[in-house]
Structure formats: structure tokens, C-alpha cells
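Two complexes, one shared chain (chain A), two partners (chain B, chain C).
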Partner chain A sequence: MFRNYLKIAIKVLLRRKFFTFVSLFGIAFTLMVLIVITALAQHANSNGKPEIHSKRSLHITRLTLRHSNNSNEWNSSPGYKFLDRHIRDLPGLENYTIYSQFNTVAAYVGGRKLELSLKRTDGRYWEVMAFEFLEGRPLSREDEALGRHVAVINEATRDQYFNGENAVGKTLEADGQTFQVVGVVKNVPIYRMAPFSDIWVPISSAKSSNYRHQLGGGFNAILLAVSASAFPTIKRAFADELGKVEFTDPKRYDTAIAFADTKLEMISRSIVLSEEEGAGVEKFAGLLILFMLLFMLLPGVNLINLNMSRIMERYTEIGVRKAFGATSHGLTTQFLLENLVLTVLGGFVGLVLAHIALRITTASGVIPYANLNVNLSVFVYAMILAGIFGVLSGVYPAWRMSRQHPVAALKGGSL
Partner chain B sequence: MIRHLIRLVWNRKRANILVLVEIFLSFMVLFAICSSGLYFYNNYSKPLGFSHEDVWVLQLRPPQNLMSPETREEGVNLFQQLLRQIRANGEVEHGAGAFVVPYGESHWMTSLGLNSRKLPVSYSPIGLDFEKVMELEMVEGRFWNETDLALTVKPLVINVTLARELFGSESAVGEVVEFNDTERKVIGVVQDYRHQGDLTPLKFFVMAPHILSKPTSYLYDKVVMKMAPGVSTGFEEKLMDELEAMAPGWSFTVQTMERMRNDYFKKQLSVMAIFGLVAVFMLVMVAMGLVGVLWQNVTRRTSELGVRRAKGATRNRIYFQILGELMVITTLAIFMGLVVAVQLPILGVTGSVGNGVLASGFCLALVLIYLLTTVSGLYPSWLATRINPAEALHYE
Partner chain C sequence: MIQFREVNKLYQTAKVETMALTNINLGVERGEFISVMGPSGCGKTTMLNLMGLLDEPNQGEISINGQAITSYKDKHVARIRNETIGFVFQNFHLISDLNVRDNVEIPLLYRKGSARERRILAQAALERVGLGSRLDHFPTQLSGGQQQRVAVARAIVGKPKILLADEPTGNLDSQMGDEIMSLLESLNRDEGVTIVMVTHDQRMADRTGRLVRIFDGQQVK
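Let's turn to the complex of A and B:
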């Protein structure tokens, strides 16, 4: 039965090449845009190297200081003092790390100026992340404890600064400080915010130790839980810790608000600006789906129009089939299937187009160290999207068609 | 004729409603694209009002972000030493402390009051000589000097747009306004300049002296420098070494404003290019879809059109009947668009996009949608004129 429908579907598509081309073009292009967006989201959120533990990780990236009676508010990343005091003793942790956000620093080599991203990390950072080393070793807890001026650099920095020669043991000047290179890692793209940088150095190598007294500003933390089931315990304990924060000037601020979030919660919180425990993930997902549906609306209506035209042309065929006892249900299924064949075909073309678009993005260098491609999970998402699109745009024409009275249809009546 | 066309469209309403929805959606896409395009073009075409040539921006990061009262004075002294050192170099013509610079992607807002009126304004606390670095043009009055800063009522400089709004055609110099809950005297009106970059709108803008000696004020995070023509990057390294030797705990980075401008344009234009490209592809898709649907309609109506031809209608009349029906549907779609578009200013979601820009965006979109539907209707209408009456009647 289905094979029969499939055969008819392909025959019909081949008969009206112009219609098929227009439909395919529309479907492929719409799905391409959606696939590119999906690929970006998936790459930023995946748990490939170096973030191999991202399923067990919670991130602390924002801190809000408030005063309960007046409108004073300070919004920034957390400071070292805040993180160091309040995450150390949380229950259910296997490990934790504190690291700075990246700063752009200048390095001069042979009269040329390089602008590089520099991140300051503790030794544990390298236990939580699994960077791929090309040479040398990661920073250690000892480097951090002793305040050694050592650095791990990425491949691109090695190419620019040391002309691609072995860098371990050599010195590098950046941000007015001199570091000895101890390791070189593969480039990490910028959309992986936690591991991204060009140069990594110990926090304690900072020019002054002022950061130790700051409640707000400059640092992030990752909490590595024993397992994802420990998340609620950790979150509750962290919320309790917020009550224990000591404020330097209680007249200005007396309340601290921060959350330990999974990656998804982190993104959702930054978009819907939620201050609730669940980070408004449902609202975020709702917005996302709404946006996708809105985007599919115009191509969808276009496709419905084309489908209607195609069905009108097959009036007599439908009439004959109905007269010979085909049920509305059977006919609807057949037309939906035809539409699905078309959209899945469009999905494949869209996938190829998306692949090309991502390649161009990667090659253009707009996103530093981007390594975007279409992988299996993107492919699966793409096919699901194509399916949704196919069903949505096929239902109305199929329903209209199946309700047609056989006599009118045989005569070629009006729709 | 038009009434007849409307009746024809009405008679086939079930087939036409989908086409109507499609044209309506395309019109809304066109409206959005045209309005934002015009908005940015409108901003871009106004004079820039400052010079970015030979301007360097030095970012400085003192070791402590949160200012503690104990170390503040030391920080202020060190900053002033650094600024003196920068100005002492022959390569630097002028130097000034700042927070908000063009292309810097940050802006500060506050409110400004006159009598009982309060206006939200964009503002920038700046150091002495900022106007010389940026080559700002005065309309009336002047910028402040050291003696103005010693007075109890501190000075302010406002831009022309704000001066016109508050004082109309009268002189603004000497007027006292309320700014940040203190009384300030306007001593100068500066020609409008795009303090955020070429593509951003002109806003009410206030420049106030930043008083470092106040215990609550922040340290500058930027120093803008006007360089002598032809200073090379070699000087940058020398300057960095000098500054780092003087202030060991601090971080410094230098960028030319030219480079910041290029980055700014690259970023803004690539976002616009992506949206534009997606929209163009969508419209091409719609055009092809319309051709398909109309073509199909014409084939379905072979006998109807055949009868008309047999009864003596000329090819031209058939041609314009098909096109005319399409135009009726397009006009309906535009009316729907108009209903939606007038909601926007009422709901107040347009932000800094003026109603004038929206109206011209609407008109441009209107022209383009007629163009789009006419072009997609040309071939199917021509096809309709090719119907051979004898053949068409044969089917009946």
C-alpha cells in the first residue's frame, strides 16, 4: 500500500517539474536556515572535548547585588572572593573550578601587534576540562598555589607568535607580563564560552592580588557534580550559601542573587531574564518554538498554495478513486505521504545547503576557531523539522481534497 | 470594471484566500525589511559630527573593579600621572579621559529636568579636551575649563537636538537645568554627533565634566587621544612600555578608532546582510509560488476564459482581467497590512524608529509588493491570452 503511494508520489512530483522545483526550493531554503540555527545551538551546547563533563556541570556566571529597601543594583559576573568562599563546601561535588572571563590583551612580536584572549584559571580547571594537548602539560594546582608565571597557549597563538615551531619552554610576553609556555592545546571555538581562550595562565599570576577581595566582577565557576541527580541538592545548598554572603558596605547592597545553572538554564536565563530556580526554561522553549513557527509561516503558506494547485489539477483522479470506493481517510494519508516525501527530499537538499553555509562561515573566520559542521544529531533534528513542516503544510490541502464529493470531482467542479 | 473584478475575486474566495494570506505575509516581511533599511540609511546619511581619523582609544583597567574608599585616591593620582605622561609625548596632540566613545558599544542613560519636565537623555561624563580630540563643532557657547569646574554650579554641554527640544530657537547658554538630582548650568551647545556610531539614531545627548575628586565617582576606563598625522604603531609599543612601567598593576590596550569603526561596520552589516539575504530568498520563493498558483488557476479556468474570448473579449482584456484580479487581492493584503502597521506606534513597540520612517517604509513596501505580484502575474496572464476559444469551448 505504502509502496504504491510512494510510487504515485514520485510520479506526480516528476510530472510537474516547475511545481516540484518551486516547492523544493522553498522547503530546502527554509529548512537550511533552521538547520544552521540548530547546528549553532547544538555546537555551543554539545559535550564534546574539552567539555566532556557538561552533563554533570553547573555554571555560575552572573551575580546580582541588591539592596532590599532602595533601588541599588549591581549586575556583573561573580568575583573571586564570592566564588571561593561559597562553592568550596557545597555537597555532592566531585570537583569545581574558578576561572576568569577572557580579556583581550596585546602581545608584540617582531614589531607586530597581536590581540589575544587571555583567561586566568585555577589548576582544577584542567581537571574539569579535557583539552587536547599538542605538546606539553596543563596548568596544575601547584602552578596556581605558587603563583608561577606559566602559560598554556592554543595552536593559533603558537602559529602567530612562534611561527608554528615547538613552543614549550619558550617565553611569551602578553599584557605586560612574561610567561613560560608549558603546553599547547588545539583551538577551541568562541561559542564554547567556558573553555575558549588563546592563552591560559594561573589566576595567582595576576598583577595584583586585589581580586581576592572582590565580591563581584570578572570570574565564573563550574561545579562538577558526582552525577546529574545531585543537582537539586547542590542548587539548594548554593541558595543557602547566598544568605551567608558578607557585604563590605551593607548600606549599598545587602542581598546577593546568583544561580548554579546547567548550560541550557544559563542560556534561557540570559534571554528571558528569569530570577527563578528553573531559569524559565519552559518560557524559553516556548519562545523558541514560536519563533520557528513564525519563520516557517510564509514558506508554509506558499507550500499549502502550491499543494492546493497540484491537488486541483488531479480532480478527476480523486473523483475516480472516490467513485471506486477509496475512503477519505485513505486519500488523506496518501496526500500527506506525498507531501512528506517532498519535504524530506527538501530536508536533504536543505542539509546540503546548510553544510555549505556552515563551511563558508567556518572558512570566513567571522567566528574565531569555529568548527561547525552537520553531524548526526543535527541531521536527526533536521529530519524532525522537515517532518513537522511537511505535516503542517500538508494537512489542510489533504483535508480539503478528501471532503470533495465524487460527482463534483468527476465533473471537474470547483474547489 | 473594478467592481466587476472584485466580484470575480469574491466568487472564487476559497481559492483566493490562501493567495491573500501569502501576499499579506510577504508584504509584512517587505515592510519590516524596508523600514529597518530606511531607518539605518536615515541614520547613516546624517552628518557624523566628529572626526575618527588619527584617534586612538586606550582602554585601561585598574587592578580593582569595585572601588574601595581606601585605594581610590591612589588610583586617581596614578590616573592623572598617566594622563600627563600621555599628553607629554610629542606624538599625542590631545588626550582626554572618557567612558562612552563612538563604536564602543556602551551608552549611559539618565534624566534631565527643566521646570517640571523630565526627559530621558543619553549622557557621557568626559574629561577636559575631549572635544579637541574628537574635533566637535560648537553651535553656541563653549566647553568648560578649569575655572568652570571650581564653581558650585557645575557646567554642562548639550547637543542641538536637546537644546531645540528644551528651549526652541532661544539660546540655551546660561540656562540652569536639573541633572542627576543636582543643578547644572548649560554653558555650551554642541553640534549633533553620533556618539554611538554611524548607524545609531541621534538622541538627546548631554556631556558633563567627570569630577574625579568626588569620593563616589568611578575612574575613567578609557583615554581618547588625537595623534599627530602619520604616527606609526611603533609608538604604540613605546607608549605601552611607558605606561606599564608607571602603573604596574594595570592593564592597557590600544585601538585606533578607524579600526573600531571598521569592526563596527563589519558586525552591523553582516547581521543586516544575513537578514536581507533570508528575506530576498523568501520573496523569490513567494514569487515563484505565485507564478505556479496563477498558472494553475488559468489552466483551471480555460473554459470560462474561452467563452469570454468567443463572445468577443480581446486578448488585452483577458490579460488585464487576470492581472487585475491579482491587483485586487494585493490591495486587500495591503489594507490588512495597514491595519497591522498602524497598531505599531499605538502599542509603542517602534522604539527610536520614527513614524516618518515607518510611513516611508510602508510606501516602499507597497511599491515593491505591487511590483512583485505584477511580475509573477505576467506569465500566467499572457498564458491566458493564448487560449484558443474553439478548443476551450470544445471541452464544455
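Let's turn to the complex of A and C:
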């Protein structure tokens, strides 16, 4: 039966080549964009090196300071003082790390200016993350405690600054400071915000120690829980800590709002601007689905339109099939299957286009150190997306088709 | 085999009501070959559609194969149509995207059976109508007479007890019409298929066992 349906589906598609091309293009392009987004999201959230503990990790990346009686409000990343005071004694932690956001700094080599990203980290950062070392060692708690001017650099920086030669033991000048290279790691793409940088140096090597006195600005933290089941305990304890924040000017700010979030919660919170404990993940998921549906709407409407015109050409076939025993349900299945053939075909084309787009993106260097590709899970997502697309755009025409009265259909039909 | 008891069929639109059939009482015995004649628009095709359960009467009762049709639910009538009835249409109504064999296989798609069984049955039906060598042709590659023979093969492939033919020779020249008529006669004679044929052609009607005349939706004695 399916062979017969498939034959019909392919014949109908070939009969109207231009419309098939337009539909396929619409589906393929839409799915390509969705696949690229999915690939990016998947790569950004993957549990691979260096973030091997991301399933046990909570992130503190935003701090809001507010006054309860007036409209003063200040939003930024947390400051070192805030994090240092309020996360170190939280229960349920195996480890934690404080690190700065990356800054773009200038480095000079052979009269050439390089713009590099520099991140300042504590020693624990290298215990929480599992970078792949090409040579040397990570920064240590001792480096941080003693304020050593040592640095770990990535492969790209070694290639640019040291012409690809061994860098450990050599010195590097960046941001007006001199560091001795102690390790070289593999490049990490920019969409993995926590581990990304070109150069990592100890926080304590900063030119000034002002950071030690600042509640807000410049730093993030990762809390590594003993297990994901400890998250509620950690979150509750961190919420309690917020009540203990000492404000330098209580007339200006007297309330601190921050959350220890999983990666998903962190992204969700930044988009739906939630101050709820659950980070508005459900709302975020709803928005995401709505966006995807809206994005699929235009090619979807186009496909529905094409499907309707295909039905009009096929009244007689509907009548004949009903006369020889097809049920409305059977015809709906046939039509949905035909539509799935088209959309899955579009899905495959979209997948090829997405693969090309991701290779071009990777090769172009637009996203530093990106290594995007379409892997098995992205492929599965893409086929699920194509399937959803196929069913959604086929349901209405199939429903109209199944309602066709056999006598009317045999006469040429009227819907 | 087919029994109509006081069957009425009314077509209603927003403005017009048309009584297509009025108080039809008709019995067709097993193995009979009857023809239905009457002027255009008199209700012949409506009667055939009611026999084929493609349409539902407003009043009266229809029995097919000894079974009164009390439910016109899609699934129920689809099964009876598939197992008991075969249709031949004036315009052949072959699916142009499918080859001859796939067209003939259509009724078999809606019942149990393997693809291999379907192929064998379709081939046998096509050989029965003299088109065993045209399995892979498409409808447009065949003459009108050959297309109608394919349509007959499609109608008989599922071995129905009843064959309903709506002007099966209406679009054919007299020689091809004769060929189709001979085919229907042999199906009736050799395989005992009950046939009801609507026709405008007295010559064809004369070759059937009984003639039913309809005029203005009523059976003429």
C-alpha cells in the first residue's frame, strides 16, 4: 500500500515541477535555518569538554541591585566581592569557581597588533573545567594565591604569537602586562561562554585590586554540585545569602537579586527576564515553540496552498478510491504520507544546506573557533522538525479531502 | 442480491429540491444481468450510486447480498464496497499517475494481503480482460477500449459479487463497445457476477437478461 502511495506522491510532485521546487525550497530553507539554530544551541549546551560537568553545574551570571522604596536599579554581572563572600560556604557543593568575563586586549608581536580575549580565573576554574592541554599545565590555586603572572593560552594564540612553536616557558605581553606561559589548550568556540578565551590568567594578577571591593561587575561563578539533586538545596541557600549582602550605600540599594541557574535556566532568564525561581523556563519553551511555528508558518501556508490545488486535481482519484473501499481515514493517511514525503525530502535538502552553511560559518571565522557540524542528534531533530512540518501542513488539506463525498468526487468534485 | 424497498432520494440545495428517485421497489437476483435505461437526468446513475452505497437514500431500505444497510458509516460501507461491489464508469476513471497494474491493484490495497498476492491477482484480472501484456503501460498509452478493459479488470480484481457499470460503452465506438459488452456477458455467464448496467444504447440493453426503465425518478412498468 505504501509503495502505491509513494509512487503517487512522487508522480504528483513531478507533475508540478515548479510548485514542487518552490515548496521544497521553502521547506528546505526554513529547516536549514532551524537546523543551524539547533546545531548552535546544541553545541553551546553540549556536555563535552571542557564543560564535562555541565549537568552538575549552576551559573551565577547576573546581579540586580535595587532599592525597596525607590526606583533605583542596577543590573550587571556580579562582582568578585559578592561572589567570593556568598558562594564559598554554600551546602551541596563539590567545588566552585569565580572567573571574569572575557575582555578584548591588545598584544603586540613583531610590530603586529593582535586583539585577543583575556579571562581572569581562580585556580578552581581549572578543576571545574576539563580543558584539553596541548602542552604545559593549568593555572593552580597557588598561582592565584601568590598573584603569579602566568598564563594559559589557546592554540590559535600560540600559532599567532609564537608561530606555532612550543610556548610553555616563554613570555607573552597582553593588556600591558607580561605573563609567562604555563600551558596551551585547544581552542574553545565563543558560543561556549564560560570556558571561551584566548588567554587565561589568575584574577590576582590584575593591575589593581579594586575588584575585591566591588559587589557588581565583571565576574561570573560556576557552582559544581555534588549531584544535580543538590540543586534545590544550593539554590535555597544562595537565596538566603542574598539577605546577608552588605550594601556600601543602603540608601541607594538595599536588595540584591541573583540566581544560581542551570544553563537552560540562564538562557531562559535572560530572554524572558524572569525573576522567578524556575527562571520562566516554561514561558521560554512556549516562546521558542511559538517562534518556530511562526517561522514555519509562511512555507507552511504555501505548502497547504499547494496541497489544496493538488486535491483539486485529484477529485476523481478520491472518488475512485472511495468507490473501491478507501475510508476517509485511509485517504487522510495517504495524503499525510504524501506530504511527509515532500517535507522529509525538504528536510534532507535542508540538512545538506545546513551542513554547507555550518561548514562555511566554521571556515569563515565569523564565530571564533567554531567547529559546527550536523551530527546524529541534529539530524534526528531535523527529521522530527520536518515530520512536524509535514503533518501540520498536511492535516487541513487531508481533512478537506477525506470529507469529499464520493459521488461529488467522481463528478469532478466540489469542496 | 440487491433489494430496493420504497426507496426515495431527494437532492436539496438552498433554493431547489429535486426528487431524483421516487418510491423505487426493485429486486435483482443473484447472477442476473440487468440494464437500466431512461432519458438523461431521470435518476439512473442515482440508482446505481445507491446500489453501490456511494450515496444514501432519504427513505426506504436497501439490502445488498441479503444484508439490509442500516448504517452508512464510512467504515461500514467502505468495507461492503470493497468486498462485494465493483464499479465500471463511463469515463473509465483510471489514475493517470499509476500504471495499469497499479490501477488494477487499487481495490486490493484496502484489504488484507501481501504485495505479491496483489500483483498476482492484478495480473490474473488483466489477463482475464485480454491485457496481460500491458501491465506496465500507463492509461494514456492505451486506447479507450483498452482503458475500459483495465477499468473492468480493476472492478473484478477483488472478485466482487456485484458489478455496477455506469454507461460502460458510452464513450466507446460500437466495435469497442461490443468488446466490453462481450466481456461483461462472459463475467456474468462464466463467473456468476451479478451485473447492473446503466445504458442509453437499446442494442446493449437487449443483450442483458432484463431491462428496467426509469422516467422522472420513477420505475416504469
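In this text, the second predicted complex is superposed on the first by the 394 of 415 C-alpha atoms of A that agree within 3 Å, B and C clash if a C-alpha of one lies under 4 Å from a C-alpha of the other, contacts with A are read in each partner's own complex, and residues count from 1 in each chain.
The criterion applied here is as follows: a residue touches a chain if its C-beta (ideal position, glycine included) is under 8 Å from a C-beta of that chain, and two chains touch if they have at least 3 such contacts.
Bear in mind the structure is a predicted one, so any value in this text is a computation, not a measurement.
Asker: Applying the document's definition of touch, where does A:R3 land relative to chain B and chain C: first, second, both, or neither?
Answerer: second
Asker: Among the partners chain B and chain C, which is in contact with a greater number of residues of chain A?
Answerer: Per-residue touch count on chain A favours B.
Asker: Examine A:R321 and indicate which partner it touches, taking first as chain B and second as chain C; both and neither are also allowed.
Answerer: After superposition on chain A, A:R321 lies in contact with chain C alone.
Asker: Quick one: classify A:R15 as touching chain B (first), chain C (second), both or neither.
Answerer: Second partner only, chain C.
Asker: Just chain B (first), just chain C (second), both, or neither: which does A:G26 touch?
Answerer: first
Asker: A:D175 contacts which: chain B (first), chain C (second), both, neither?
Answerer: first
Asker: Going by the contact rule set out at the top, does A:V301 touch chain B (first), chain C (second), both, or neither?
Answerer: A:V301 contacts chain B only, not chain C.
Asker: Return first, second, both or neither, reflecting whether A:K113 touches chain B, chain C, both chains, or no partner chain.
Answerer: After superposition on chain A, A:K113 lies in contact with chain B alone.
Asker: For A:I356, decide between first (touching chain B), second (touching chain C), both and neither.
Answerer: neither
Asker: So in the complex, the part of chain A that touches chain B is made up of which residues?
Answerer: Checking each residue of chain A against chain B gives 18-19, 21-22, 25-26, 29, 33, 76, 79, 103-106, 108, 111, 113, 115, 175-176, 206-208, 210-211, 213-218, 248, 297-299, 301-306, 308-310, 312-313, 366, 414-415.
Asker: Give the list of chain A residues in touch with chain C in this complex.
Answerer: It comes out as residues 1, 3-4, 7-8, 11-12, 15, 316-317, 319-330, 406-407, 410.
Asker: Within their complex, state which residues of chain C touch chain A.
Answerer: 49, 52, 54-55, 74-75, 78-79, 81-83, 86-87, 89, 93, 95, 97-98, 102, 105-107, 109-111, 115, 154, 158
Asker: So in the complex, which bits of chain B are touching chain A?
Answerer: 12, 14-15, 18-19, 21-22, 25-26, 29, 61, 63-66, 68, 233-234, 236-237, 240, 244, 248-254, 270, 278, 281-282, 285-286, 288-293, 295-297, 299-300
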